[in-house]
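First the structure, in the form of C-alpha cells, and then the observations on it.
To keep things simple, chains are lettered A, B, C, D, E and F as they appear, and every chain counts its residues starting from 1.
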Amino acid sequence: MAFNSFEEDVTMAEDRYQKGIDKIQELTSSDDDNPTGFMDIGEAFKDIAPDLSKYVVEFAFADIYSRPGIDNKQKVLTTITALVAQGKPQIGMHIKTGLSVGLTPEEIVGCVVHLIPYVGFPSVLNALTVAKEVFAEQGVTVDTSDVE
Amino acid sequence: MAFNSFEEDVTMAEDRYQKGIDKIQELTSSDDDNPTGFMDIGEAFKDIAPDLSKYVVEFAFADIYSRPGIDNKQKVLTTITALVAQGKPQIGMHIKTGLSVGLTPEEIVGCVVHLIPYVGFPSVLNALTVAKEVFAEQGVTVDTSDVE
Amino acid sequence: MAFNSFEEDVTMAEDRYQKGIDKIQELTSSDDDNPTGFMDIGEAFKDIAPDLSKYVVEFAFADIYSRPGIDNKQKVLTTITALVAQGKPQIGMHIKTGLSVGLTPEEIVGCVVHLIPYVGFPSVLNALTVAKEVFAEQGVTVDTSDVE
Amino acid sequence: MAFNSFEEDVTMAEDRYQKGIDKIQELTSSDDDNPTGFMDIGEAFKDIAPDLSKYVVEFAFADIYSRPGIDNKQKVLTTITALVAQGKPQIGMHIKTGLSVGLTPEEIVGCVVHLIPYVGFPSVLNALTVAKEVFAEQGVTVDTSDVE
Amino acid sequence: MAFNSFEEDVTMAEDRYQKGIDKIQELTSSDDDNPTGFMDIGEAFKDIAPDLSKYVVEFAFADIYSRPGIDNKQKVLTTITALVAQGKPQIGMHIKTGLSVGLTPEEIVGCVVHLIPYVGFPSVLNALTVAKEVFAEQGVTVDTSDVE
Amino acid sequence: MAFNSFEEDVTMAEDRYQKGIDKIQELTSSDDDNPTGFMDIGEAFKDIAPDLSKYVVEFAFADIYSRPGIDNKQKVLTTITALVAQGKPQIGMHIKTGLSVGLTPEEIVGCVVHLIPYVGFPSVLNALTVAKEVFAEQGVTVDTSDVE
C-alpha cells in the first residue's frame, strides 16, 4: 500500500463518506433529493447502531464498490451470485441495482440459472421468484427467444 | 419450451455429450489430444459412478455453460463467486478457467475482493491464497498500480 | 460410460422429457390431467427462463431421480435431509412427496429428529414446523406410542 | 469422565429434566406458573415428536447450558452469534434471553455489529432488524452516545 | 412425554452411557475389546473437554441413534447426506458405518449422486473422493453395471 | 452519525491505519518490532491485492474491533463462534488471540462445547481439534475438574 501524503489524507477523510454516497448514486441512478436511492444503507438502525450506515457507505461503497478491477456490471453480477449462494433476502435489491447499472434482464436470469450446478435447484428457484417480482415491479420483460 | 421435431431430437441426442466436450475445450483452450483439459469432469469416479462424467459434461457444460444470457467470462466470474461464497476447493480450477477464457488476473482478484462485504474476510483470504497459487503456477502477474 | 447405439440415442432423445414426467407422476401419484402433480418444476418461470422446467424434468427427474442405486423412499429421505441441512423452503413439498412414495410419517419425523446432532436444534425445529403443517393438510397423524 | 456412584446416578436421572427446567427459568426469569417462559422447547410438536422437548430440556439446557466454563451472558452471546452466522429465525428469542440474563442492549448490538467482517453485511442487517423488533417489544432503548 | 417411574429412572440413569456404547457396537460391528470401534466419540479431547464423549455417547447414540422411526440403514444414509450437504470431513467415518450396517456401496454412491440437484456438483465430487478412499481401504467394489 | 469537524477528519485520516495497528497490538500483545504479531492481516497478498491489508487493518480493526459495546474478550469469543459455525480455518489464530486478551482456556473450550446444540457435533469436534493444537503450541492446559 502506498502511504498518502498529508494533503491526500485530508482529502480522503473528507471525501470518504461522500465518495460512498456518489458511488451509490451511480449504482442506483438516484437523484440528489434521495441520494441513496433504493439502496438499503442501514438507516433504519440509527437508533440502535447509528454508525452502521457509515460502515456501509464508507467501507462497502467507498472502499470496495469503488475499487478498480471489475466494472459496475461485474460487481453487481458478483454480488447477486454471492446472495443467491447464501439465500439472502437482499437478492431483490441487488437485482434492481443490476438493472440500474445496465445488466440486461437476460444477463441477470442467465447468471442465476448458471448457478444450478454449483448451488442446486432450490436456491436458484427461490432467486428466480424474487427476480420475477422485481422485473414485474420495474416493468421489465425478458427476451427468451434464445432459450425456448 | 419449444418442443423439437423428431430430427432435431436425434441430432440433440447425438450431440449433447459432444456439445459439452466442445464447450469444455472452448473454456480450457484444450487440444483434441486432451479434450477436457484441466477441467475435472469426474473421470476419477468411473469405477464407482461411471455415469457421473456424463452428468457433468451433458448437464453442466452442454446445457448450462452453453446457455445464452451471459458470456464465458461472466459465467466463470459467477462460478468463482459461488465457490468462494461456499468455500469449495474447486476455486483453483475455475480461476484457471477464468484466465483461459480471458478474465484478467485483475478481474479475478477484483471479483474476490469485492465479496468481502457479502461473505466476510476469512472466505476472501482463503480464496486469495488459492488465486495466488494458481497465478504462480501459470506465471501470471497482477497489475496492482491502481490499488496501491 | 457405455456409449449408446444410434437407435438408443434416438429413443433417449425422444424419451428424456417424458421419462422425467413419468418419474414425477410416480413420485407424486398424480394423474394424467395434472402430470406434474404438486411438484414445482419451475413452470412459473416460463416468461423469464422457459428452459428451466426442462432442466428440472430432464436432469433432476429423468437423470437423477431415475438413477438406480437407492429406491424412491431413500431418494426422498435423502432429499428432505439435504433441504433440512440447508434450511430451504422446499422441505414441505418433499415431505409431501415422501408421504406419496410410502414413507410413513414416523419415518419422516424420525429422519428430521435424527439430524439434531448433525445440524443442531434450530434447523430441526424449523423443519418440524413445516412437517406438522403438511401432515395437518394431508390429514396424516403420527403414531408416537414408541417415543413417548 | 468420572463415573458416578449408584446413588449419584439415581439423583441424576430424577433431576435431569428438572435441572433443565430450572436452567430455563434462570435464563428467562420465568415464574413457576410458566416455567419455560418465552423459551421454545418444542412443545408444539408433542403430537408428532413428543420426545423432542425432552432432548431440548435435558440435553440443551441440563447438559450444555448448565456446563461450567462460560457464564450465562457469554452463553447467550455465543448462541446469538451462531444464529446470526447461520441466519436462523431463532435469533429473536435468544436476544430476549440475552436481555433476561443481563446482557445490555449495547452488548447485543455490539456483538451483532462485530460480526460484519466475519459473516458480511447482509446477515448483520437481517439480525439487527430482528433486534430492533425485540427491543421495541421489550421497551428497551440503546444508548448510542459512544458510537455516534 | 411419559414420565418414568422411579425404578425406570434408576435403570435409565445406569444404562444411558452403556446404551450408547451398545448402539455404537451395533453400528460399527465392533467387539468388546474395542467397543467404540472406528467411531470417533471425542476421546482425543479428554484433557480439554472430558465430558464431550459423554454427550456424544449419551445424546447422539443413546438418545438419537436409538430412537425408533427410521432403521439403522436409514439413519446412516441420513447422516451421510447431512455431512455431504455441509461438506464436513466426518463423511468418511459415516460411509464406513454405512457399510457396517449393511448399506451396499451402490446405495452409498446412489445417495451421494442423488444430491447433485440439491447441493450442486462440487460437494458431490468432494464426497465421492472420500467414498472412493473408504471403499479402497475396505476392499469394497461397486457394481456399476446398471448405470454404465 | 455525528459528522466530524474538519480537524477531527484530518486526525481520523492520519490515525485510522495506526488505530487499527494499535488495536492489533493490544489484541496480540505484540511488540513494536512485530506490530501485527501473529494476526494475519493479508500481507501475503501484497503482490496481488496490496490494498487488502488496509481493509483488514482499517475496517476490521480500527472500525469494528475498536467499536464500543462489547469488550475484547467478548469480541474474540464472538469471532471464534462465528468461525466455528462456518467451519473456517482461521479458528486457530483467533483462539490464540483469545488467550492473548485473557480468555481462559476453560472459556474457549466452554464456548465451543456450548455450540453443540446450535451447529451440531461435527463442527464442534473439528474446532476442538484446532483448540487442542493451539493449547499444546502455547503450553496451555485446561482445568477440567468441574466437568469430569
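In this section, a residue touches a chain if its C-beta (ideal position, glycine included) is under 8 Å from a C-beta of that chain, and two chains touch if they have at least 3 such contacts.
Owing to the predicted nature of the structure, the values given are computational and were not obtained by experimental measurement.
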Looking at chain B with chain F, do both copies bring the same residues to the contact (over half shared) or different ones? different
Rounded to a multiple of 5, how large is the rotation, in degrees, that superposes the C-alpha trace of chain B on chain E? 120
Which one of the chains is farthest from chain F, going by Cα centres? C
Reference interface A-D: repeating pair among C-E, B-D or C-D with over half of contacts shared: C-D
With contacts defined as at the top, give the pair, B-D or A-B, that has more of them. A-B
Cα centroid separation, chain D vs chain E, in Å, comes to 29
Let me have the rounded angstrom distance from the C-alpha centre of chain D over to the C-alpha centre of chain F, please. 24
Approximately how many whole Å separate the CA-defined centres of chain C and chain F? 43
Distance between chain A and chain C based on Cα centroids, please, to the nearest Å. 34
Would you pick out the residues of chain F that each touch at least 2 other chains? 1, 50-51, 55, 59-60, 64, 67, 83, 86-87, 109, 113, 116-119, 121-122, 147-148
Should the pattern of chain-chain touching be classed as line, ring, star, complete or other? complete
List the residues on chain A that touch chain D in their complex, please. 40, 42, 44-45, 47-52, 55-56, 60, 83, 86-90
Provide the residue numbers of chain B that touch chain D in the complex, in ascending order. 116-122
Once bound in the complex, which stretches of chain F touch chain A? 1, 6, 9-10, 12-14, 46, 50-51, 53-55, 59, 63-64, 67
Taking the complex as given, what residues does chain F use to touch chain E? 87, 105, 109, 112-113, 116, 121-123, 125-126, 128-129, 131-132, 135, 141-142, 144, 147-148
Quick one: which bits of chain C touch chain E in the complex? Just the residue numbers, please. 1-2, 59-60, 64-65, 67-70, 74-75, 77-79, 81-86, 106-107, 109-111, 113-119, 146-148
